[in-house]
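Below you'll find the structure I mean.
Going by the order they are written in, the chains are A, B, C, D and E; count residues from 1 in each one.
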Amino acid sequence: MDLILSHINYWVAIALMMIGFYALIARGNLIKTIIGLNIFQASVFLLYITFGKVSGGTAPILQKNTELYSNPLPHVLILTAIVVGVATTSLGLALVVKIYESYGTIEEDEIAKLDAQEEN
Amino acid sequence: MKHHIVPRVIAKLFIPGIILFGLYVQFHGDYGPGGGFQAGVIIGAAMILYGLIYGLNDLKKVAPSNIIISLIAFGFLLYAGVGIVTQILGANFLEYGVLGHTQKEGQHIGIILVELGVGITVASVMVIIFYMFAGRKN
Amino acid sequence: MLSQLPALQVVIPLIAAPLCVILRNKEISCLVSQAVSIVSFLISLILLQQVLNQNVISYALGGWLAPIGIEYRLDILNTFILVIVSGISSIVTIYSKKSIEHEIDSEKIYLFYTGYLLMFSGLLGMSITGDAFNVFVFIEISSLSSYAMIAMGKDRRAVSASFTYLVMGTVGATFFLIGVGLMYAMTGTLNMADLAERLPKVYETKAILVSFAFISIGILLKLALFPLHLWLPNAYTYAPSVVSAFLSATATKVAIYLLIRFGYTVFGSDFVFIKYPTAEILASLAIVAIIVCSLVAIFQTNIKRLLAFSSLAQVGYIILGISLNNLNGLTAAIVHIFNHAISKGALFLAMGCIALVIGSVKIKDMEGLGKKMPFTAFAIVIGGLSLIGVPLTAGFISKWYIILGALDKGWWVLAILLLLTSLLALVYVWRIIEAMYFRSSENVYKINEAPISMLIPMYVLVIMTIYFGIETSFSAGLASEAAKFLIGT
Amino acid sequence: MSLEIYIDLILVIFLAITGIAVIYVRNLFAVAMLSGIYSLLMASIFVVLDAVDVAFTEAAVGAGISTILMLGVLAITGNREKVSNKSPILPLLIVICTGALLVYGTWDLPIFGDPNAPVHTHVAPEYIANTYKHTGMPNIVTAVLASYRGYDTLGEVGVIFTAGVGVLLLLSRRKTTNKLNQKSKSEDQS
Amino acid sequence: MDINFLIILTIIIPLAGVPLILLSRNSPNLREFITILTASILFLTNLLLTINTLGLSESKTFVIVNFFPGGSIQLTPEPLGLIFGLIASGLWIVTSIYSIGYMRGKNEKNQTRFYCFFALAIAATMGVAYAGNLITLFIFYEALSLSTYPLVTHHQSESAKQGGRTYLGVLLTTSVVFFLFGIIWIWSITGTTEFVSGGILENEINPYLTGILILLFIFGIGKAGVMPFHRWLPAAMVAPTPVSALLHAVAVVKAGVFSVLKITVYTFGVENLSSNGASEFAMYLAAITIVAASIIALKQNNIKKMLAYSTVSQLSYIVLAAMIVSSNSIIGSTLHIASHAFGKITLFFCAGAIYVASGKTEISQLKGIGKAMPLTMAAFLIGSLSIIGLPPTGGFISKWYILLGAIQQEEFIILLVLIISTLLSVAYLLPVIYLSFFLTPDSKIDHGEAPTAILIALGISVTLTILLFLYPTPIFQIAKFIGN
């Protein structure tokens, strides 16, 4: 029981991660793939932030009368990672637009079919 | 949305406010939550809002894409340039201490400058991405 | 000045990228890329000289010492990688002008070079840094730029290939991120040297095992080890020639470097190879990769695709060398990173020449090329022979060491298997050679040889392929020094 | 404290629902909105976990910019997802294996919020103790971001810059070809 | 002259010939003059080298380049190599003369390419002859395979390409899989691949491992044609006849058996092998090849095919002799390299001469041809005698020593094999003579002798065959150095 209580946060993050991961690999629509990627990454960020939490701590902005701060390092890392994530998303979306313009579809299996036709 | 009067008026009222808030976030990041990245996103969002309401061409008149492209590069150069300057001043890359008379002052100057670089790049990248996507619609 | 070189190694190309955007001129950006690559190459050579004298160089970015700040940490291994990456980049950029003008819209050329420089600095950053999270950031710089670069290919399949790469690459990077997070949770640090010190205390924990698994899978996705290779063949096939050449010669190599770095330095070979059967898993994957990908390569009609599959097989050899966990095996892996970079680089550059002149890289369009483009065809022959591992080419040296490594480990069946698989390379290389020299083409129209500005850089690589097959004190010498450093003997 | 846990729990349940909805809803506009909501909820959790800067960013980016971009793309590509006949078994298997591996890995992680975890005893305390001395800034996150790990942030700006350049490379059009395209289009129509 | 200089010259001279031949591609006369000139200079260089070296008490090594730590490409002139070098370079002159007649007579295409790769092949052969360690040997061995490939596929027809694929496929496969593996294994055991008088493996490993290693080399050196890796030889018959002569008599196959011999002597060591009997199995393998290949030769109707299988059989004589490992058999083996070279080249020249003059390729077509081409067929007779092992030809001497060796080691089964195979070779060679001289042709013969260049070449090779019988002393003298 202790184990569950003390680790539930990690598991929640993992469960959310897997939801995103599933959306990412199981769905054939390219936009959904990207959204899945977003969810997957956001949940990884949650895992990091969870590592940084100190019980009873406050946000790492120095104030008087406060002794205990949560760990700022994961926050910094995740700030960077969020930016990286949005960069990936925008590039991915640009590719989707490009794909739509040249294939006329954003469904993975239809694209694969069109590619196979070209191959022959 | 070009022809709806209500959003146009609201936008006129709000957009300066949003930009002001963005600037606040930019320069107040040392004390509270926020910093260059968040500020960049906010200012970028304000401009995108402008574009959405007044149309792409109006926005392009305010912020021509050539200038925006240069700004992307400029922000990044500003950041990296601070590093080079500290190197020229005899310290390691991005060692801001040498920028001021004291370590603290130097750090402060350095951080403000690089945060500014971040803000400029982020805001202009947001706008340029908007340009690219919006320009594709036809 | 000398002490600032490690920072400049990455920062110069990184700064050159926005400069290209501001200048917005295709000629200048081409020149800038060339100059920057050559300067980086020189810097990396000086760094190599320094590393040979003092073993390890540490550079504290921002002046903050290691676990607090981010550190650049150079040893023989990653300096060697820097030399390879920047050397290849110098050659590729000098080669690139004509090829790019042919393949990219002229308004976008300056952006293309910007992307190229970012990709280049991303790879340098991945190699040089001593901080696990910083690796992630630079992985993303190099990956994002390579997605964009690949999508610039003329065929529309370039775009879909790039998207697949984007998805798999991001999954790989995120897995890597998860692994780093778990390591961080168990040790509280991100600095590699610090991690190496603190990890042994928590070797027994499940978290570290899982962290190793995620980091490895993330990196293996990046380096495209079978069966995680699905993104690579199309990406290399449809990317612009210059991009294929640069990526195939450097991108997977840097990912392999990361695998060595995390396996041997951060986690340590005791943890990786003795505590867990990593060697067996990696070796079996590698063998399957070699066999399957070589077989697939045999049946390709598009030569770039054939070379892409051959690259996958060659990655298998390198991984195999790493998994042997002995001096000769590791030497083989490191020297093959170098040897494969130069010979595969030469081959892809030759493909660029052919794409420029003929407009196709299908095997049937290359018939009779031996007479029409004798220099390009000969370059393909030499590069191909090196892939097979024919003596007096660089490929032979790698083969020699990897078989020694297998014998040292007592895996003599593996040694024979390796020799047999090089025959598969013989088959696919021979298909090209036969088409070029022993078939006369039906096309009667006249074809000229590629421009001299492309031939010279290509021939630099070709000559290196032969030179480093004969005189190996630089390549194999450094590789074995690096291997000794890693294994700690 | 207990209130915190309840808020946390409720948010998490909402998150899970949103996530699953993303998988099953086929109207892509709705999915984009859902993903925005997901980010907002995530940002709220970040606040609960003391990561205010991160929350701010996640809200601005995930709920703001990402959503706008998605909607923009959907306006171009159309908003219906086609019914895919892909078998869900293999992806499900992969996901379950990955998840199980991760859960296995968390088994001996330090207890949530434990102030004695390695994360809180190595490196981080030095930031908390010395930031003000070194930089004179109260916001430790900003100080670490811009100074201690300023190089990471340079890389981050590099990534954003790369994305900008990448999008420009992919989507910018020549004005001349634009006209040509329109010409050919009009010819097609006539 | 300095020995180091001479030895590097043996490789540089034919290599230098290549650009010269290329430059003179528009003037066939000049091109072929250069070929013959290069060949002659090469032969003289070899001769000088031999004379200079034999006076020395110990062999000198010339390191071209240090390959990787401990491994180098190096050349060492030693008696065995000198004999091979002399034979190969001498026969290059003869083959060149012959080629001129043949190629011009048949109006072949791509003659410049032909002469270029011919010269390259000779350069590689020289490297094999003087290789100072296993790595060098392997490198030049592979170079030889690659440089002869364009010669085999010279006609560029579908069948030529097919033959070329088999040729290269078998040779490279065996060399890469077995030969290279053996070399690396030896390196990992001893840390060296040097050729040392008396061998480097003494006391290093047990007889079983030695046996396996020997097999690796016997199979790995596919050019020696030990069954089951002999397929490439008949496949290579699609090549023009001078190439066949080069492959079968001068360079390729001889490089193969020579390598086997060299490895036996300098890597395993004669003493070492004869004391532990590790070579037994390989010896029987060679014996089987001798008999089996002779039987197949018996059934052939195509002259070149018949000769090819005869070559397979004869090569195994050399391998067999090497595997018997006695001083006499090693001498016999060395002599047989020479005698078979002279004999077989004569036979191939004859086959080519017949083809050029009459266009005939099958044995059954040869009825009565002796009257139209008496000189050619007389040469054929001499060549046959040498292959069979009868006086007055060199073949007699070499076979004699092999027999002596077998008796010395009390290998009576081998003795029996030798006798049977001699009878078989009589059976496949003499019918040709019989047909051509004693039967009347089916149709009228309207051609005369082959072109003069061909006849000159034939004359030289016949003379050499007989000379080897009359004056075996020089080669014998050199061969004796090996026994020690």
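Following the convention adopted for this analysis, a residue touches a chain if its C-beta (ideal position, glycine included) is under 8 Å from a C-beta of that chain, and two chains touch if they have at least 3 such contacts.
What you are looking at is a predicted structure, and each value in this text was computed from that prediction instead of being measured.
Asker: Looking at mean CA positions, which chain is nearest the middle of everything shown?
Answerer: C
Asker: When B-C is set beside C-E, which has more C-beta pairs in contact?
Answerer: C-E
Asker: Centre-to-centre on C-alpha atoms, which chain is most distant from chain E?
Answerer: B
Asker: Would you mind pulling out the distance in Å between where the CA atoms of chain C average out and where those of chain D do?
Answerer: 30
Asker: What is the distance in Å between the mean C-alpha positions of chain A and chain E?
Answerer: 69
Asker: Where the CA atoms of chain D average out and where those of chain E average out, how many Å apart are those spots?
Answerer: The separation of the two C-alpha centroids amounts to 72 Å.
Asker: Going by the contact rule already set, what residues in chain B reach two or more other chains?
Answerer: 31-33, 37, 69, 72-73, 76, 80, 83, 93-94, 96, 122, 129, 132-133, 136
Asker: For chain A, write out the residues touching at least two other chains, lowest number first.
Answerer: Touching at least two other chains: 21, 51, 59, 61, 73-74, 77, 79-80, 83-84, 87-88, 90-91, 93-98.
Asker: Note the residues in chain D that touch 2 or more other chains, in rising order.
Answerer: 52-53, 57, 61, 65, 69, 72-73, 76, 102, 106-107, 109, 117, 119-120, 123-124, 127, 138-139, 141, 145, 147, 149-156, 158-163, 165-168, 170-172
Asker: Go ahead and list every pair of chains that touch.
Answerer: All chain pairs meeting the touch criterion are A-B, A-C, A-D, B-C, B-D, C-D, C-E.
Asker: Show which residues of chain C lie in contact with chain D when the two form their complex.
Answerer: For chain C paired with chain D, touching residues are 14, 17-18, 21, 61-62, 64, 67-70, 105, 107-108, 111-112, 114-115, 118, 121-122, 125, 131, 133-134, 137-138, 140-141, 144-145, 147-149, 151-152, 178, 182, 184-190, 198, 205-207, 209-211, 213-214.
Asker: Sort out for me which residues of chain A touch chain C in the complex.
Answerer: These residues of chain A touch chain C: 21, 24, 30, 33, 37, 40-41, 44, 47-48, 51, 73-74, 77, 80-81, 84, 87-88, 91-92, 95-96, 98-99, 102-103, 111, 115, 118.
Asker: Okay, in this complex, where on chain C does chain B touch?
Answerer: Checking each residue of chain C against chain B gives 4, 7-8, 11, 14-15, 17-19, 21-22, 24, 59-63.
Asker: Residue numbers of chain A touching chain B in their complex, please.
Answerer: Checking each residue of chain A against chain B gives 59, 61, 79, 83, 90, 93-94, 97, 101.
Asker: Under the definition above, what is the set of chain E residues touching chain C in their complex?
Answerer: 65-69, 71, 73, 135, 138-139, 142-143, 146, 150, 153, 156, 161, 164-165, 168-169, 172-173, 176-177, 180-181, 184-185, 187-188
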